[in-house]
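Shared between the two complexes below is chain A, which has chain B as its partner in the first and chain C in the second.
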Partner chain A sequence: MTETHANAGTAPAHVVPVWEVSPIRLWVLARATFVQLVRMKVFYFLLIFVALVLVVAAAGLFWLPTEHLIAIKRWSFGAMYLFTMVYSISATALLLPRDLEDRTLYTILSKPVPRIEYLIGRLCGVLLLNAVALAAMFLAMCLLVAWKMPAVEQQLVQQLLHGAAGEAVSLNEVNQAKAEAARYGLSTSLLWAVWALYLKASVVSAVTLFISTIASSSLFTIVSSAMVVFIGHFHQLILDFWKVNETGWFGGLIGRLLVIVFPNLSLFDVVDEVITGTSLSFGAGLQLTGMGLFYVALFVLVAQLVFVDKEL
Partner chain B sequence: MERRKSSESLQVPNEATPAVLVEHLTKVFQPSLSRQKVPAVVDLSFRVGQGEVYGLIGPNGSGKSTTMKVILGLVQATSGRTEVFGIDSGKVGSRRDVGFLPENPYFYKHMTGRETLEFYGKLCGIHGAQLRERVPELLALVGLESAAGRPIAGYSKGMLQRIGLAQAIVHRPRLVVLDEPTAGVDPRGSRHIRDLILQMKAEGTSVILSSHLLEQVQEVCDRAGIIYKGRMVLEGRLEDLTQLQQQMEYVVEGGPPELAAEIQTLVERAGAKLVSAGHPRTTLEKLFLESTEDKEPATGGTRHD
Partner chain C sequence: MKWHWRELLRGPAAVALVLLAGGLARAPFESKLLVDLRKAGFHPPLHGSSALQEVGVQGMMGALGGLRYMVSTFLTLRANFHWEFQDWDKVLEHFQLVQLLEPRNPEAWITGAWHCHSNAWAWYLHDDPKHSETTRRLLAREWVERGKVMLRQGIEWNPDDPWIYRDLANVYRERDRDLCQAAEYYRLASLTPGAPDFLHRIYGYLLAQCGEHDEDAMKVLRGIYDEGLAVLRRQRVLIWKPSLIVEMRKLEERLNVPMEQRIPERFDPEGFAIATPLLPEESLPVYERLLEKSRNSEVPDPALPGIVAQVRARIGEKSGGS
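Entry: the complex of A and B
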């Protein structure tokens, strides 16, 4: 008797056409996620950032202004990197497993909410959190840089005068020194650097979301995501190792697999160049954006493939 | 007027479409860590008509929750099919007109009761003035006005159950699925929940509810199915299920002692047998309700908990 109906359960019924995804519901889910994370007091960690910035600012007493400026940027970006990675991994890893455990997923998915909407909504909430946290930290850094700029300019002009050893210095040369100083200051390249960081965090969030659809525990998700981030930073190393050493088909296979499975996060590491004054072209920035979006879309898609038929 | 619409689209149900249709449903779980298969539901069939209140009764582990999850598309059937108002449970559209109260519901503990209802309302597409009107209405309905501003984290079991009921009906669904709505709730709270179910029934909402206690569904259900180990063992109208056709019961008040002997002889003369006689007992539940009636302080809706 049952055989006649046996195929009904296996129909791909959960698959939702794109047009059924409602932006309003996405926003409701993203906002709820953001509020949830904020109420978990995640922003208190930013106080650590403030403390760090103060320490670095005070350290200016022992440094040349140019060195100090680089230190400010390096430390700020380092802290931003750390915070966004921690937020992306731990916040995302907490969401889905907890919803499963608390069975809040039942009430959400028994509303007319497609599963893909739930996933994207959750992810957007984390991305929103990252955006707010990064913007705040970036702003603090910019203030510090702007505060330091006159001293840097003065130092460079003074170095010019010192080098001239009493001879006349042309206005042109002074302007050149000032332009040199400006390279260290606020620039669109800094903006690109923070955007690259944001893209990287978004990719890591998407990876974590995907892992959390397979794993049902937060701890497992956090550990696995951290591992993906770690490996993702050593793409070049893996590639080199694979090429230089004749590792045989097995090693080669593993190297190839690693490079394909793990997103290349080192792509987004433009901070080092930008800090020391190298500018980043618009084209390069656009390319980064494209890569970031590609990775995010890819991992959301795989997450959906796993999640769509998951037994709750 | 509705006729034309239904001929245009197969998905628009007419009056004959059952609210819930379960046909030869079988669900076998395969826990990931063990090779043993767990048949939770086996070849289960039933239907719930529009406006009907249907009870699923069975001991713990008999497959009630699993059946409901399949109906709501949370779990996929191994074989067989389920439909809600004629739409396959797997389709998101089948959930448009359904409200669900899960077993032991739990909500985001950082949200207040009011925020919880607003959140679920928005997920159902209710916004703005409509939502601002609906939420206080629901809070009043389930008697949680005074607790509405408090975080869910501090809610008692009974309050969670009631906020769960409120979120289930936030969008005025035509079908409400309630999994053990009165489990773990004190008699007063569970009477309140029963009244709410009766109210939904009066408004024409179809309800399917589960319980491991027959008494709890007795007062509200039109029909009930008893399931055991995933199979339907008995199904029918409540009166038919509970009526002992061969027996009659009389309750007499204020009769003299001789009356009992007279009745006894009357019964014997008619060739029948007196099964029981004595003072009827009140139920513990009635006793509880009566003795707590007056002592209840007159403070808002959270008093039961």
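Entry: the complex of A and C
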């Protein structure tokens, strides 16, 4: 019996299936990427973050006590946003060119590792880095808000007593003032806000990964991804602009194409409202999660479509 | 080389197809999510005086992306800096930008308006070195109006926030001396979800003090009094405020309520509960102070001299009896 007959109906041992994904290999790739990024000393940013938020918390920059709490949360979320956006773009943009440069890519792909697995593994590494950094920053912010909360509560009660102009204030009213302070303190909606930020960063990472499969340099990838992030915040504007200016069918077509092809990143901007006390429902949070995962899957899929045929 | 339709499933054509299909597939879900988020108070639709201005505002929001809230904090700090130098136009300009960036934040409206109707108003009235007294009064008035406009805009964006109504009511009360209008805004504040009890109480007081709605005021204050009576009977706890009793007695006097229907001086159903927080000895200084204030005001309260005389007579009877 010849070898051809013996292997009839099965793929040869050296041929790697294009779409097969192994969780263990994914974890190995993600962990390696995470370690590689950590070695770039990215977590030093956390020290800057803590210093910034401590300054905001300690300095009496605002007149109203509730504004003080809002400011701590705003600056924290602002720093988180900057961190996740910058790292999602730059870390992902560096991965492929760096692997090509130091030839790690060839070593990995010479093993039975499908290209899709390589892409997802690398992306998961970046997402893991974002998750750890965001969790640390979120925890620091929560500790500061919890530390400031009793003082703010006290200030609000003082304001209530002052506002009552010497009249006795009932316990119920004091509790209402405390509830008002709690609205600006810690809530489960803050978890949704940080989750929305993480989802947005994940979508940006996936888009950057896709661009890096086409691009020939990291610089091009970074600039193009930044442009996508920029356009991603303009969905409503693009639609309205063509509506207002009546640029004709061609303008309308271009506008619609941009809206269809580019991810709507402004959808994930729920932080501002959450900070000022609006709560995000579980259903809306789940929908946001679904949308984020859909975008990530879509851009990983198109990245694979390009990368699978790419000559390395 | 022969082209095959399967080529469509590879390379740039496949990427374009997948992106288009993905975009079309997500569109309905995205629209629904946006509608749900807007209903919950997220992604507020933007208002501008013209469609083009709205596009400009959206452009700014888009350009700021997720940093909108951070920029807004910077602008607030910048406004505080201009406040230190009494540059009121700049303060107003910065707060208008803050309100543009976060219209759903009541604090943005309250603080911006407070700078107008209180800080700028007081500065023009008392500290402005450049203008004559008449001009200063006019300018002060102008800033009060700006504060009121800002608060009304804030109410349009945040109809469920009691504090913007409360601030607008206080502007009417303290700057315009329009107690009826102030009472109306306190009423609206007390109707918002989760509004503190004292807003309803102050609505009653202001309605009583404005002098045009005595009967309505009596109904409101009587309601609060009756609630307190129920609590007193149930829990043996006295929750009436002295002002409630003071205002009710003034109303009883003005409305000529028969003596037997008036609130009792002491209410002692089981031998230990005091119905009114004010005994005649305690209430006399309060009424005297009110009378003094009333004499100095433009519209003196006609009920107060009678009440003071009655309380004095009661104290005299007591001391004479003992």
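Here are some notes:
Keep this in mind: the second predicted complex is superposed on the first by the 288 of 312 C-alpha atoms of A that agree within 3 Å, B and C clash if a C-alpha of one lies under 4 Å from a C-alpha of the other, contacts with A are read in each partner's own complex, and residues count from 1 in each chain.
The criterion applied here is as follows: contacts are C-beta pairs under 8 Å (C-beta built on N, C-alpha and C of every residue); 3 or more make two chains touch, one makes a residue touch a chain.
The structure presented is a predicted model; accordingly, all values stated were derived computationally and were not measured.
After overlaying the two complexes on the shared chain, residue contacts for A:V21 are found with neither chain B nor chain C.
Looking at the superposed arrangement, the partner reaching more residues of chain A, out of chain B and chain C, is C.
In the superposition on chain A, contact of A:L52 is made with neither chain B nor chain C.
Using the contact criterion defined above for the overlaid structures, shared-chain residue A:T104 touches chain B, although it does not reach chain C. Looking at the shared chain after the overlay, A:E311 reaches chain B, while chain C stays out of its contact range.
Of the two partner chains placed by superposition, only chain C is touched by A:I275; chain B is not. Of the two partner chains placed around the shared chain by superposition, chain C is the only one that A:M85 touches, whereas chain B remains out of contact.
When the two complexes are superposed on chain A, the residues of chain A that touch both chain B and chain C are 309. Of all residues in chain A, those touching chain C in their complex are 61-64, 66-67, 70-71, 74-75, 77-78, 81-82, 85, 164, 167-170, 172-173, 176-177, 179, 197, 200, 229-230, 233-234, 236-237, 240-241, 244, 259-261, 264-273, 275-276, 278-281, 283-284, 287-288, 290-291, 294-295, 298, 301-302, 305-306, 309. The part of chain B that touches chain A in the complex is made up of residues 23-24, 26, 29, 43, 69, 72-81, 88-93, 95-96, 98-100, 102, 104-108, 110-111, 119-120, 122-125, 127, 164, 167-168, 171, 177. For chain A in complex with chain B, the touching residues are 1-6, 8-11, 13-14, 16, 20, 22, 24-25, 28-29, 32, 35-36, 39-40, 102-104, 106-114, 309, 311-312. Interface residues of chain C, counted against chain A in their complex, comprise 10-11, 14-15, 18-20, 22-24, 26-27, 29-30, 32-34, 36-37, 40-43, 51-52, 54-55, 58-59, 61-70, 72-73, 76-77, 80, 102, 104-107, 111, 194, 196-198, 239, 241-243.
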